[in-house]
Amino acid sequence: MDFEFTEDQNLLAETVQKFMAARYGSESRRAAHKTPGTWSRDVWRTLAEMGIVGLLVPAEQGGIDGGPVETMLVMNAFGAGMLLEPYWSSAVFATALLRRLGGPAAAKLLASLAVGEHLAAVAHAEPGARYDDRVQTLARKAAGGWTLSGAKSVVIGGGAADTLLVTARVQGGDGVSVFAIPRTAEGVRLREYPTIDWRGAADVTLEDVRVKSEALLGGEGAAQKPLDDAQDVALAALCADAVGSMKAALEATGKYLQTREQFGQPIGKFQALQHRMADMLIHFEQAKSMAYLAAMQCEAPDAGERRKAMSAAKVVIGQSGRYIAQQAVQLHGGMGMADELDVSHYFRRLTAHELTLGDTDHHLEKFAAATR
Amino acid sequence: MEIAFTAEEQAFQDDVRRFLARELPADIRDKVYNARHLDRDEYVRWQKILHAKGWGAPAWPVEFGGPGWSAIQQHIFDEEMALAGAPRTVPFGPKMVAPVIMKFGSPEQQKRFLPRIIAMDDWWCQGYSEAGSGSDLASLKTRAVRDGDHYIVSGQKTWTTLAQYANWIFCLVRTRPDGKAQAGISFLLIDMKTPGVSVHPIITLDGAHEVNETWFDDVRVPVSNLVGEENKGWTYAKFLLGHERTNIAGIGASKRELQRLKKIASTETRNGKPLLDDPHFASRVAQVEIDLMALEVTNLRVLSAERSRRDPGAVSSILKIKGSEIQQTISELAMLAAGPYALADVRQARDAGGAQGLLGPAHATPLAATYFNLRKTTIYGGSNEIQRNIIAHMILGL
Amino acid sequence: MDFEFTEDQNLLAETVQKFMAARYGSESRRAAHKTPGTWSRDVWRTLAEMGIVGLLVPAEQGGIDGGPVETMLVMNAFGAGMLLEPYWSSAVFATALLRRLGGPAAAKLLASLAVGEHLAAVAHAEPGARYDDRVQTLARKAAGGWTLSGAKSVVIGGGAADTLLVTARVQGGDGVSVFAIPRTAEGVRLREYPTIDWRGAADVTLEDVRVKSEALLGGEGAAQKPLDDAQDVALAALCADAVGSMKAALEATGKYLQTREQFGQPIGKFQALQHRMADMLIHFEQAKSMAYLAAMQCEAPDAGERRKAMSAAKVVIGQSGRYIAQQAVQLHGGMGMADELDVSHYFRRLTAHELTLGDTDHHLEKFAAATR
Amino acid sequence: MEIAFTAEEQAFQDDVRRFLARELPADIRDKVYNARHLDRDEYVRWQKILHAKGWGAPAWPVEFGGPGWSAIQQHIFDEEMALAGAPRTVPFGPKMVAPVIMKFGSPEQQKRFLPRIIAMDDWWCQGYSEAGSGSDLASLKTRAVRDGDHYIVSGQKTWTTLAQYANWIFCLVRTRPDGKAQAGISFLLIDMKTPGVSVHPIITLDGAHEVNETWFDDVRVPVSNLVGEENKGWTYAKFLLGHERTNIAGIGASKRELQRLKKIASTETRNGKPLLDDPHFASRVAQVEIDLMALEVTNLRVLSAERSRRDPGAVSSILKIKGSEIQQTISELAMLAAGPYALADVRQARDAGGAQGLLGPAHATPLAATYFNLRKTTIYGGSNEIQRNIIAHMILGL
């Protein structure tokens, strides 16, 4: 048992933190979100040059073959600095899925992702399915390839993606398959919009979209396990992002309590507010612990243990994120409501996380089912 | 003891319902039902309809144009308005500055301002808070220096709600810089078209422009716009605070929003069943519905005590705390009910012409913004922390 | 709409409060609970003479024909003074049931209850049934009467009862029936024990207990509605008892905060404790409102509206009682743990209420079902 | 980063498990599993078994008879003990007075007391709190006046846990009445058989006799029983407070009680199904299990930081707050799981020979008493309010 980071890991964390401080201040983020859904290809290229975009890509495809702990450290920094670029959706979720699907087409895609010129997004959830795996998008065999029809909703990073990794059922077959579909393919329609935390998402409709045979990644009907595995990697990364935001919101609130004066003293001298901050800290420490656990367990071979750890992590992250976000705003008083202060942005980002990959109730139920 | 309304109260309720069914414009009602922001004109249009009926200011004495209703009638009216989807009363004119003018203003001020308030010919806003003085209101710094028949006002007010629509503002200003903080404050009415007044938008958590900073740069205000006596403004502010707290619990609006939540939760599905039938979610909805039931009875107890002229105590702090918490909980549950669809940002969805452009249901888009917006309810009007202080000191004697 | 009490009601409340203050001090209650399950026939007789025992008995049977509001006022005082006598079980629950069952045998019993020489208890819940109406006790027709067999668990006031009002199913028939069974009947076995709040309860086994025909009260198989109605009256009374205890616990805690000094000042000056007390008061006011509502609605003809109000009341009472009891102990510090202080007794009584006639979760679910 | 134990740690864990399976008496284990109070002899019997194995004081240095374990080994040991149903360590001797004697006591005191502590030949209790000084410990009033080679001690201590079993007590006493409160306190060891010492039971919320008042009526204590220097007792008390906080989260015991809760909830039924399958109840159990998982990782993080000699901060306050809340929640859920059966008072049930006399299941009877008893955990050892003050001051700098 060991909770220490390696020297390389510490170095990675520092590097990303420094990058965020230097290139990604509050001002440039604010400028970006004046044009909703906007992200910077410049920032993306820099992250690619630093090797961060290819963090989870195998060395053979030009990546640096990092693991969940490295991802956690990077996401901590992105959560604290509220990165708007589609890192989580492309460099974590889609990359993890491609890696687990395997095969030459996926390898080729991974290589193009690593250099930062190409982006991908997983298009899995469907209208009305809520947080459940309910795939009704249909793939039919056609001459020299496949024809896909269906709809995908709230595809995070969908607008930025050059390739959509679309889950579908093959007509007459069992199980879920994944198809790599260029966003420019005929019959693909994207409706882009910003999410409540100014990242981008898209609703996608597929109308008789024709793709070649090699668009099918991994075995036909064999994508459920790769998808589950990649989702857990993405979930761990999301937890780490949330913990980064929580820490920053906590620090901002602490600073505000120390400096804001009312009734002739810093409001941090009021015991009721001190205890609120203490509870926020307790929530934060518990969340941090669960982000650690999620990173350590998201690739665990024992599916039952992994399910428990991942759902437990999402529950704690959800509840801690909610408490810290709400109380950070509350303790800032009127200023907490102002878009001008970062604390309102952390509130939005933490709320967005609650609505991603299953909310607290969803995972509380999954956990209960896994421990029964 | 009797929970049911009397025959007279029921008849009144029927009257109000009939009026609302007939007179509330459908376009306004739909906006309220879907938690969309109203325009200035929509507020004014509705107020003029109410005023034409003689119901423009339910709490005002008959002599100033009020309908002469009892506390329970006012309660029934407020609740029916909210349930029917009528716009909330913009409180700054009829509920805030008007009672002060009635009680402390000169006959000239009463004659000049009150008829324009009830007809909404003027839109008022409130100049209390400053950047440095939130909960500690008495530390305010905006100065008013006497210069002949005028005060010269300089300073900045913040959180001036809907100041962008307003042509008048009532302000607490410092007219004596030394001595006890509370003792040097005056209550001033300022025409916002006066040179030197400027309004600067504040964008809030929900992305909306609802509040502002209002700056005063050597603004000349006639001394005739002083309410009551110079340096007595703190007394008037406290009177105002204690006076107009009806409907502070917001029962009617919460009931309407609860219905909306249930509608959403019966449309959305979980594990193939309506979300409202999911044991988890059902119990969360049940919990807030129960809390609201209890608060409704608590509110009625206060009304009943007011009617029998017994002091309900600092119990309005209780109504404020629970009322705001319930509002927040309902809005949060509605957002959670919509699930991933609530991730879409409302402004963009609106730009795309409502939610039609997206795959999700139409009800989903404004939910996160409403949840964000209502975080203000535990902060404004005396934060819930301040309310707990009040309860501890005034009721519990701690 | 009117929340005022009549003059008579105010007078009743004062009378009972005065009685509790004079005859039922902390000391005499403590003396009583040194012998667990003990109650005083003396106190009972006095309450009977005052007309309180016959409060819900019709005037024709010598009672004073009171209603739920009168019961609420009386139970408020009993909750505040923590009456140990089986008033709730005999004078409220059993009396309300007898009244609703009707007929000459019930009338006779009511008359004997009103004078205070005879007590009754409802024996309804069965082992393993939790809080549900699941009656397996069997009544068979026999020559000139009935033979009953079955088991009843945690019959509150069972040990004090001269007559048990036993719910049973008639063999071959539908529905629930109620039988009046003398505790001395052959085949009746009572195991008495004190409840956690020092009142008495008993587990009851019936082995071929023979009773006469007139032991059947009300129509055969027709007792479900009278039982439901009586349970709602009893539930409203229980809520009022709880509100009385909450008020007393709140006042005791307020007094303690004003007098107990630590770090050179009364601990009531610490803001965190002030806010805790404010939250306790909010809970109390909400609970009081729901006890009012329960009293006004427990006899409402509209079954749906009544179900909603009664279950909502039990939920609020349960949650408020829990919060106030736990925080009253917590704010008393070590002293809150001492049996010597009444606050620990309120804690026990409020806990007992949570476990009676369905706990908070039970009623939350019932409410959700009633509003769906 | 690695959550799994190393091969060495696993081997150690196996050792401990084998030992416990072999040596823990079944009668004691059954009492612990069923949350019944242990007798003095049962505690002593088990401690002597541990001591014979060389595991009598896991945290002690080797020189005084400790096994020389790492923090993680101690953690593994504590957890396995709790899961196996071993009695909790009575902390007052080995975990409280012993470290003070090791650090500040004379060689004579070390030789005299430490071997008898590890062998449990002496039973120690703690004389800190007084009726007037709870959270504000430094305001204590028990006096020790020098009289030749003795101190004359007079005063009253309260909340002396299991003093009815103890033959020694360590006390904070006032040896200088004037000056700063903290500066006049000394740390004294008192033989409870000395004339003038008397123990008076306090019955607690759960009806049990676990704590006492201990009175000192002109008790003559040899000066050789003073630890360290006169008037330096506050320093030693603070050292003690900061020193022995391992296992403060009580993870092992909570895991054991969670298992018990699940067992009860799978036996009890609701709507004809096991209660544990009821969505409501299942989610409550899941919630506390998740909180416990998170606290376990937090606890391991602290251990890991201690091993690498980085300061874990005032984080033990976090462990104490969450640990006690989780204990309370589990005990409350267990009581609720038993439903109406939990209404039976445990003492009476015990008098009737366990629960056999009643119709309910055997598991139901002690549940309410355990719930009552554990209310103490958020009060003692520095109430959770005091812990939040510590977090605010020490970690957050407020």
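Per-chain residue numbering starts at 1, and chain names A, B, C and D are given in the order in which the chains are listed.
Convention: contacts are C-beta pairs under 8 Å (C-beta built on N, C-alpha and C of every residue); 3 or more make two chains touch, one makes a residue touch a chain.
Predicted model, so just to flag it, every value in this text is computed and none were measured.
For the pairs A-D and B-D, the count of C-beta pairs in contact is higher at A-D. Comparing the CA-atom centres of all chains against that of chain A, the greatest distance is found for C.
Mean C-alpha positions place chain B and chain D at a centre distance of 53 Å. Centroid to centroid, with C-alpha atoms defining each point, chain B and chain C lie 43 Å apart. The set of chain C residues that touch two or more partner chains comprises 270-275, 364-365. Residue positions of chain D touching 2 or more other chains, listed in rising order: 279-280, 283, 385, 388. Taken together, the chain D residues at the contact with chain A in this complex read 1-6, 9, 72, 276-277, 279, 282-283, 285-287, 289-291, 293-295, 297-298, 300-301, 303-305, 308, 315, 318, 321-322, 385, 387-389, 391-393, 395-398.
Interface of chain A with chain B (complex): residues 36-37, 125, 127-128, 130-132, 151, 153-154, 156, 191, 193-196, 198, 201, 203, 205, 261-264, 270, 272-273, 326, 329-330, 333-334, 336-340, 344, 347-348, 351-352, 354-356, 359, 361, 364-365. Residues of chain B that touch chain A in their complex: 129, 132-136, 139, 158-159, 202-205, 207, 211, 268-271, 280-281, 335-336, 339-345, 347-349, 352, 357-360, 368-369, 371-372, 375-376, 378-380, 383-385, 388. The touching residues of chain D, when paired with chain B in their complex, are 279-280, 283. Interface residues of chain C, counted against chain A in their complex, comprise 270-272, 274-275.
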